[in-house]
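Structure incoming, see below.
By written order: A, B, C and D. Residues from 1 in each chain.
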Amino acid sequence: MTNTIGKIFRITSFGSSHGKALGAIVDGCPANLELSEEDIQIELNKRRPGTSALTTARKEQDQVEILSGVFEGKTDGTPITGVVYNTNQKSKDYSSLKNTPRPGHGDYCWIERYGNYDYNGGGRGSGRITIGHVIGGAIAKKLLSAKGIKIISHVVQIGDIRAKEANIESLEENITKNNVRCGDLEVAKLMEDLILSKKEEGNSVGGVVETIALGVPAGLGEPVFGKIDGDLAKVLMNINAVKGVEIGLGFGVATKTAKEINDEFYYERDDVKTKTNNSGGILGGMTNGMPIVSRIAIKPTPSISQIQETIDLNKKENTTIEIKGRHDPCICPRVTAVAESATAIVLADHMIRSGFIHPTNLEKRV
Amino acid sequence: MTNTIGKIFRITSFGSSHGKALGAIVDGCPANLELSEEDIQIELNKRRPGTSALTTARKEQDQVEILSGVFEGKTDGTPITGVVYNTNQKSKDYSSLKNTPRPGHGDYCWIERYGNYDYNGGGRGSGRITIGHVIGGAIAKKLLSAKGIKIISHVVQIGDIRAKEANIESLEENITKNNVRCGDLEVAKLMEDLILSKKEEGNSVGGVVETIALGVPAGLGEPVFGKIDGDLAKVLMNINAVKGVEIGLGFGVATKTAKEINDEFYYERDDVKTKTNNSGGILGGMTNGMPIVSRIAIKPTPSISQIQETIDLNKKENTTIEIKGRHDPCICPRVTAVAESATAIVLADHMIRSGFIHPTNLEKRV
Amino acid sequence: MTNTIGKIFRITSFGSSHGKALGAIVDGCPANLELSEEDIQIELNKRRPGTSALTTARKEQDQVEILSGVFEGKTDGTPITGVVYNTNQKSKDYSSLKNTPRPGHGDYCWIERYGNYDYNGGGRGSGRITIGHVIGGAIAKKLLSAKGIKIISHVVQIGDIRAKEANIESLEENITKNNVRCGDLEVAKLMEDLILSKKEEGNSVGGVVETIALGVPAGLGEPVFGKIDGDLAKVLMNINAVKGVEIGLGFGVATKTAKEINDEFYYERDDVKTKTNNSGGILGGMTNGMPIVSRIAIKPTPSISQIQETIDLNKKENTTIEIKGRHDPCICPRVTAVAESATAIVLADHMIRSGFIHPTNLEKRV
Amino acid sequence: MTNTIGKIFRITSFGSSHGKALGAIVDGCPANLELSEEDIQIELNKRRPGTSALTTARKEQDQVEILSGVFEGKTDGTPITGVVYNTNQKSKDYSSLKNTPRPGHGDYCWIERYGNYDYNGGGRGSGRITIGHVIGGAIAKKLLSAKGIKIISHVVQIGDIRAKEANIESLEENITKNNVRCGDLEVAKLMEDLILSKKEEGNSVGGVVETIALGVPAGLGEPVFGKIDGDLAKVLMNINAVKGVEIGLGFGVATKTAKEINDEFYYERDDVKTKTNNSGGILGGMTNGMPIVSRIAIKPTPSISQIQETIDLNKKENTTIEIKGRHDPCICPRVTAVAESATAIVLADHMIRSGFIHPTNLEKRV
């Protein structure tokens, strides 16, 4: 189950940074969803590196190919296999890393757990494996859009620089206007500068990505161990480099009283709404019809060129390491694509599980 | 699957606030673990209300009875059923709540999702259902203690009041010395005062609970969708009133550089350690042998006596609600027992899944 | 997962022959199904022993109590807990069985697997644990009946005595007219005589139970590893004493040609039918709208009073065993209730998974 | 979950008869198992068609390529992806099949369930998809062989012709000496003749395949819903064309008494054995250390060239169909490879689940 997520709409991910290929199988997608490789490619392009000075200089085309599950332009209810063949993975010599785990990376844990570890480019511990997430997420997003649901992730903080609260109307457009994928265009410039300054130092910086899901109906989520916020927390925390997950006000609730943050209900014509959305659209583990808002804390990319202390597992002694190569000085802009995908996967699964999308045939009403 | 958590060591929870009983079935616990009702009762007593002025005045004995799974004082590998019969659930009239969802509660979502909703005392949306978590957690803790693992949850923040960093040596004892279950005895007094002042206002306040797991071996966690932090995030976020989950530095990573927070490795004799523990004991989704540290943000109990605006679902019009009854002005102290249990459940499951505990018979070496 | 079956509609079973209680939790049943203890009791009574000379003389009342999941006479979407407290389990001395496994029983395997084994009355290996199946099955049958699906199990063979092919019109009534639960009333008498003659010998005899499900729509079943016949085979084979499972012609297909047994399609007005039903209503792992027909082979109850050879696990030497007590000379009549339940559980799960029953609220159309 | 089987050692299958590729992801295989494409190819060659006059004349090379999960010649604990690209799938015109379901095939059910159905060569309903089973099974067999477990499937019946009971010593060699894969060389010749005579008639014939697993330790299997026989029944019944599954005596138990078939225990030196093996190595849902014996009933391939009656779903009227192409007159010989694989997958999963194989690293003792 290690590499599978979801209950009905399920993603099974495979592949490693420097192996032959990476990808995902999407099982449980209903038939009759129009789907092309282009639908997936658009999302993969958002996470692809080498598109600006803010990301690693590695060029990876990350072209997806669909091997199964689509018939005459539509899904047919069978497993959809999307694969990206690795092409730019140079046979650079990583062997110096074999026994010297990089601080901040999982190398040591992989070795302890499995014994045999593909250390080339981080193997399956590499951020590159989120290609599988995005293949799954692209299909989930297409499915959700058929029900009027839209998901947008954007950078709201880099280091100490924070964006103003997002204007949902202009958000989607604004994030395409800057390389940080921040909705606040003034602040985006400052964020870029900060990232570039850390890059020059051979260092990296963290940040926060917010995800907003619009159009989600009330009643998704299965208390008590299948709550929608629990499932979101899991999939978001599972993204490489994430160290925290918040829903709605998140850690802000600790300093508040109920009187201050309880979202009061009211009717807007026949629709039930809440005056505020401090809950982030989730109450009792279920959606309440308001936008679902989550935030994730992303640590600075641990691969930095400065010398760090570590150990030699072979010689059983302390040593130092200097990591070479081209790394992201800040991974947050690229994580937005992954956060959208992760959120979409959970929502697609719950939309089917809750009876809002027919489990076998999208054309059947529910 | 709604009410089941875990893959090998699995908890299935049942019951509601005002029904006949609450409890849990623990499946997948290896045989030959010594287990008595007293082992579970000790943990249940930690979450039981009515033990101080900080909690609801409701008296609930919450006596557990084991219906199956223990033979001659030891588990026998069959499902362990723990049940608590409800005794103090007065037939108070909750019918005014039937169509007027309480702000901050899941009532509205339950009605939308299921149609038929037990609104008495919040039904299965009540915090009372965490009795099932604690039954499962008590067994998990017993199992983990056989492998030298200890789990401690404590309150680190109430409102704006924050505890000093915990001294792990005195922590377990200190939290028993105050009603807030805070390890910082000076600050604990201030926290108590704040909670009592909110209680007098008919209001409530939030906080943060930290959980530390000691003695966990390196190599737990299954990348990429069964990471240990992902599983912890899910089970912790699933706890009633939780709105955020952090591992290690958590949201603190956003403002840091890799140089500042990468935990450097070193040998302490033959043991691999890190100089700092900003990662909270988890790298690449796997444990690295250092203490596992998580924090959860807990919102103020939404049941407050002040008048709030809401809707009447029957008449389809706006209205107000005044919630009566005895409620917790701050749920954080009682949540510590639940956070310990939730953490223990995840760790017990992964200890078996990773080969550190034999899956069928505790006496067999692994 | 050991004791849980199903994906959406899920049964978790617990308890043992001589422990405090047995029962099951049903999770994933949609809300708004009318349900009473009487609905379950009717089914439990079918499997209850002591109702005729054909079964064990043990008297067990097997009264079910619902602890959770029903609100105001209807399910509310939360876990339904049904429990039967053991009352007639005498503290007879079973200790002679502790180290001498009974031939044909799982005693030896339980000891090998778990180390600590409740040998009293067979513990959790006892046929008595099918009370959990029937609790789950009773709820499943009630749910299916709301969609016009009916399930009937009947005895078609005892020893060498075989019933004529069932007349579906009179079947349900006929099986209530004899203690064997056979639809062929002439043959039923011969079956009774055979069973009683084996009983007198201190021996037991096997048989075959057939189950027919009527009214199942076409399109249930998830190829390739969630086929409806695969799921039926699993749940039926999991019933105590079952050694074989057939669908439709079953092993009869081995001697046939395709020309002889391919079921040809035709229209009966607007309905698609097949002229024959050799497939037992399942093609390619999915239902085709015809009656679903399965048969299971049930071995003679291994507990017999004649002396048998076995081993003493303590002394590590060969020995003999003489099993005392009141045992069923043929378990087939009582197994019919369990086969109906097992079939109902699988169909209820797939009806939800396939979009024919709304997953959260029975009143919502699908 | 549709296309995934197993709990820890898990196979996710994908692909269709005439799509780009077929294959499987194996997740949960411990690291440090030596594995090459050749290991898988050997097993695939056993099910490959075109190797004798008994199978379809279609030539399919079915060359497997490993895309992930193997590092430096050994598994590394990450998902193993095996893929077979379709090369011989001619763009023959299948469109006449689009609305006229073939009797005995799942076409009608696929259309009803999913709406969009790849009818070319049977799409995912084709027997060709068992390539995924065999990829998974080959890895499972390699893993099991490291623990001394061997699995052999052989044909024991074709039409009315039955093989003598297998001599386990010569079985493995004998089945390679004839095209039917029967261990009884005399009878094999008769079987061949029968199959060829049916081929000439444009008809096909069914049979029975037996599978024997040697070297399986006592104690595998998880009562009550994870019994080893239940899991075997599921995976075997899920194989295309299977209509019945037996363990040990199977349906033979119906005519027997307990005295006749109870397997009596004895010590052979320190080993526990049973004098007979009527139980097929499984008691109470767990292995007892004796050989595991199962049999499956396989229906005659429904694709025959004789004219059959069916319906036109478009015109909603009765019609006839004449199926062209090259089909297997008897699929049993090729099914042996699939039955071995299916059995191996279940045993590998349970060996890990029961603590006989370390879950993460094969080199670690358990």
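Observations on the structure shown:
Here, contacts are C-beta pairs under 8 Å (C-beta built on N, C-alpha and C of every residue); 3 or more make two chains touch, one makes a residue touch a chain.
In this text, all values refer to a predicted model and were calculated from it rather than measured experimentally.
Distance from chain A peaks, on a Cα-centroid basis, for C.
By residue number, the contact pairs of A-B overlap by more than half with those of exactly one pair in B-C, B-D or C-D, and this pair is C-D. With each centre defined as the average position of its C-alpha atoms, the distance from chain A to chain D rounds to 38 Å. Centroids of chain A and chain C (each the mean of its C-alpha atoms) stand 45 Å apart. Chain centres here are Cα means. That of chain C falls 26 Å from that of chain D. For chain C, residues touching at least two other chains, in rising order: 1-4, 7-8, 13, 113, 124, 219, 354, 360-361, 364.
Those residues of chain D that touch chain B in the complex are listed here as 7-8, 219, 353-355, 358-361, 364, 366.
Residues 1-5, 7, 11, 13, 101, 103-110, 112-113, 124-125, 129, 132, 157-160, 198, 203-208, 218-227, 229-238, 240, 243-267, 270, 272, 274-275, 279-280, 283-289, 297-304, 306, 308-311, 313, 316-318, 354 of chain A touch chain B in their complex. Within the complex formed with chain D, the residues of chain A that make contact are 1-4, 7-8, 10, 12-16, 19-23, 25, 27-28, 30-32, 65-69, 71-72, 74-79, 81, 83, 113-118, 123-124, 360-361, 363-364.
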